[in-house]
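Next come two complexes, and both contain subunit A; in the first it sits with subunit B, in the second with subunit C.
Then we have the complex of A and B:
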């Protein structure tokens, strides 16, 4: 069977033009997707965990969904300070249930945001966010900056769908008329096609933004000859390009959010874009990683008021990144049970956090065996959103897209499994 | 079968011309009926003021920009938090509260139907997701067409039927309710950082003027036979001297519909400014109200400003950038490809600020100068002028000259020379307030026929009982009692079920989303038009097949099918 206009559940680009060919329960061909998306879609029907597994002494044993769900609910009900973490690679409906469950339990809910673009959100909460949908960039931008990111490898179709290689309504010859500036600490696939490659010394981004802001405001005189390894000459040239552009779009990645300066880097980037808007049109967009990490921020926000790191232990929604974020709660050994949904902290969190995860009852909801699996006491496999489950996801620019199911492998969705856990919890803790 | 009897209600129901009668209201299965049997649940209203459930015909409660207002404002979240209790979720937020907070606070004030004022079609799914978390009110979404490429091209080419086909298809696809134009043409110009100055400027590239968009869309709306009229946020919002543009725009509207207005102009306070700069800024409520009084085909809402902190949010991207340059506080912008824009900034309206004091006066002047209450709705353009929780104070200001004078004594001392408010003696009565907060709003939205805004037999049993004894209160002097009374109902009943009592939320609730589905002849179905499909798939960043909002996003919903004339 051929399935058209399918949605790729890999990165925040949420490409929606995939053509997927299936034969029975196998994906045999994927057209239009990038390597990352193709790989996920071609492989995801394989290597699935067949059924829930639970620890039995040092060994794993198979369990029924009923038993695993009962166990997960029991662990959460029993906890004084449960942590519900992950949520970036699942559908919005499951995220919403997660929030309701955290609220009823008096637990903490956090998404992978806290270890990627959390600092971007902190900056936005200080100075706002001049943004737009990606189609606006595609149709208008004549200058694109990628800062501290490598879309060629991390968001491979970003440039062909929304920037450099995309047709633009207001651009006669979009590829030729659109200039590209790449700012990074090292050469990458993306820097090799840039009109300007700005090589910044590690940790120097903040200073470079400040220099550009001074130049844009007509105060090049205060800028020294080199700033974090970048020559003043190049900075002045770039400042002029930015002001001369009719529509500029700045994209940035975790190379900025997780580099020294953290949220201050983003704040400076936003304030540069604000400044440029006094002369011409500029927008800024964080390159979000997981395909629905932005959805977790959206869902958490309309339900609790805050985009991540929400603590319900005092019955109100309380938000204090650094205190109520997953890494911090684990590092302080504060939580006494953990539910991990659709993410792989085993591959990303500091060792001290992972050690704590192994000491408390940790339940993982994930379709496949991952690096997190060995840290858990129970794993419940679910359907993969965009393959054998459907639901809502929010693209990196906030556009909500309905991710579609195109095959059924007999697995329940995250929404169903979390819904069943939540039902058990409600039976005991009914409001 | 669920029966309810509200006894001893002091009813004001303007649509049914009931102005203060003690009545019993019988309810069966969510609708008002002649009578119910002995087994009915009984609420004794005790002679208290009983009105149809409140209707807000212009508010911002759900969707992409509202949620971005929350996302960027943890300080606002902390300013309005309450703990989870019983069926009530924990809530956050003062000016941009969480969905549950909006729903509970509106319910406590007796509001049962809300119109989200601005939904970008591309992001409609988001609005519907938030609607499903707004449990205690029926909801609908005005859909933005101010910078819609297909529509602007069709209007430029003089092809109104094509414009209607695009609008009709889009409304059905995104489950929208009415046509919203926000700074028509200006949001497209903002795509390159520009704006339009008034209704005769041409939109760059599309070579169509705001006046042509407004006139064209009025015809589109009538061709599609939509329940609500075109809902317009005029060009030039917030600029000194903009009243001339506003009056010029209002004069564009012909009188085409005998059931309702032909043009609804929203938050007109922000569009009734005189002067040529901030120094000469003054009220021009009089010429605007004069225009409305002479044109029965126009309905406006106030867009009242109240002092204090709030968050401004609108699809009018260029306006928000101008505001940012005045306030220098944080600024968010979100252009939506091929459709519209949006912007958000927090503001603090101060009594000590002359411009803010004049703005506060203008909203009240409009409500007092527009003679017919069916032509002027009570709103704050929530949360732009103030959060909706300020409505009771606005009601009291309109009912009491004494209260207005007391407040006026506290505003900037130069305000008196810039406004006419102190000279206005009019005090609105209970019936007029009922018109401006429910009956008139339901009529303007075209939803009286589905049982909104009145308490006649067959109406939806959306009922608000306020702790106000009309015969025992003199609103012109006892304004604090009016404020307290409208702030918290004794009972709010939604679809026949009590949802709040004395400020306590009683149920989780389940709302209805009301949307419009114009029936268009198959040969005019724009989704089969090769030029439109090509335009869509080439320039949007989503495929056309992924654009329509699936039925599953609407739980309980009411589809209003119309027989389009195309």
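Then we have the complex of A and C:
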């Protein structure tokens, strides 16, 4: 069977033009997707956990959904400071239930945002977000900057759908007319196709943004001969390209948010874009990783007023990244239970955090055997959104897209499982 | 020798994401890319192993040579191996230092641990699918 116009549930590009061919319960062909999306769609049905599993002393045993859901609810009800973490690879409907559950439990809910573009949000809260949809970039941008990111490997279709290799409605010959600047600490596949590759010394991004801001303001005289390994000559050339562009789009990755300076790097990037908007049109967009991490920020914000790291222990929504973020709570050994949904802190959190996860009752809701599996006491497999479940996801530019289901493997969705855990909690908290 | 430790996404790491218990993901995330000149100075060759010690701990990695990696820096894809080295300090931002961390690197003959061994070392219990 051929399924057209399907949505790829891998990265924040949420490509919406996939053609997926299935034979029974098997995906046999995926057209239009990148290597990452193809791999996920072709293989996801193979590597599923068959049923819930629970730890029994020193070994694992199979469990029923009823037993695992009862256990998860009990763990959360018994906890004084439960942490509900993850939420980026699941549907918006499940995220909403998670927020309601965290509020009722008086717990903390945080998404993977805190270890990807959390610092970008902190900067946006300080100085605003000059953003636009990817359609605007595709059709108008004649200069694109990728800063501290490698879309060729992390968002492989970003360039063909929205920038370098895409046609543009307002560009006569988009491929020729659209210039590309790549800023990174190392050469990569993306840097090799750039019109200008700016190689910055690690940790030097903030200084380079400051130098460019000075040049754009007409104060090149205060810029030294080299800034973080970049020659003044190149910076002046780039400053001129940015001012001469009709529509510029700056995309950046976690190379800025994870590096020294963190949110201050992003703040400086936004202020450069602000500066450029005095001369021409410029926008800025973080390259979001998980396909619905942006959705977690949207859902959390419209329900609590805050985009991630929301603490309900005061009976009101409280937000203080650095204190209420998952890594900090785990490193301080503060939470006494953890529910992890659709994410893999085992693969992405520092070791000190993982040590605490193994000491408290941790429940994982995830379709596959992941690096977090050995760290938890109970895992509940669910359907994969975009394969055997459907729901809402937000693209990296904030456009909500309905991710479609095209097969049924008999697994409940995240929304169903979390809904059932929430029902048990409500029965106790609001009998 | 002291190096600046960088992590990041790679397509091999990305394609392994949906089957993290498989050998591809382990191979993709346990590799440390270094400049060939640095390999010469450490007197090791590509394919051999190093021990990297950072603020979060120590891990053994397999080395690959890459001209794209600047001298004095090493690149390890995002994953459980990189995180064995990263510390949990977030400087009040919620974000640990995944980039530009100082690490001490030395050659070793120790084997690269499996992901299950890494997780058991922090107190976890491996789940072995083949036994089920």
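Assume the second predicted complex is superposed on the first by the 430 of 431 C-alpha atoms of A that agree within 3 Å, B and C clash if a C-alpha of one lies under 4 Å from a C-alpha of the other, contacts with A are read in each partner's own complex, and residues count from 1 in each chain.
Basically, a contact is a pair of C-beta atoms (placed from the backbone, for glycine too) under 8 Å apart; a residue touches a chain by one contact, two chains touch by 3 or more.
Worth saying up front: this structure is predicted, and the values here are computed from it rather than measured.
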First (subunit B), second (subunit C), both or neither touched by A:421: neither
Contacts of A:269 with subunit B and subunit C, given as first, second, both or neither: neither
Contacts of A:103 with subunit B and subunit C, given as first, second, both or neither: first
First, second, both or neither for A:55, with subunit B first and subunit C second: second
Which superposed partner A:17 touches (first subunit B, second subunit C, both, neither): first
Touching partner for A:245 - first (subunit B), second (subunit C), both, neither: neither
Subunit B versus subunit C as contact partner of A:355, first or second or both or neither: second
Subunit A positions touched by subunit B in one structure and by subunit C in the second: none
Complex interface listing, subunit B residues touching subunit A: 62, 64, 67-68, 70-74, 77, 81-87, 89-93, 97-100, 122-123, 125-126, 129-130, 133, 190-193, 205, 321, 324-325, 330-338, 344-345, 538-543, 545-546, 550
Residue ranges of subunit A touching subunit B (in the complex, touch as defined): 4-5, 7, 16-17, 92, 96, 100, 103-104, 121, 124-136, 138-140, 161-162, 167, 169-170, 246-247, 274, 277-278, 280-281, 283, 297-299, 301-307, 312, 314-317, 319, 392, 394, 398-402, 431
Residues of subunit C that touch subunit A when the two form their complex: 4, 6-11, 14-15, 17-22, 29, 56-57, 67-70, 73, 75, 78-80, 83-84, 86-100, 115-116, 119-120, 122-127, 129, 132
Complex interface listing, subunit A residues touching subunit C: 10, 35-36, 39-40, 43-44, 46-47, 53, 55, 58-60, 62, 110, 114-115, 118-119, 122, 150, 152-154, 156, 185-188, 199, 202-203, 254-255, 257-260, 262-263, 289, 309, 321-323, 325-328, 330-331, 344, 346-355, 358-359, 368-371, 373-375
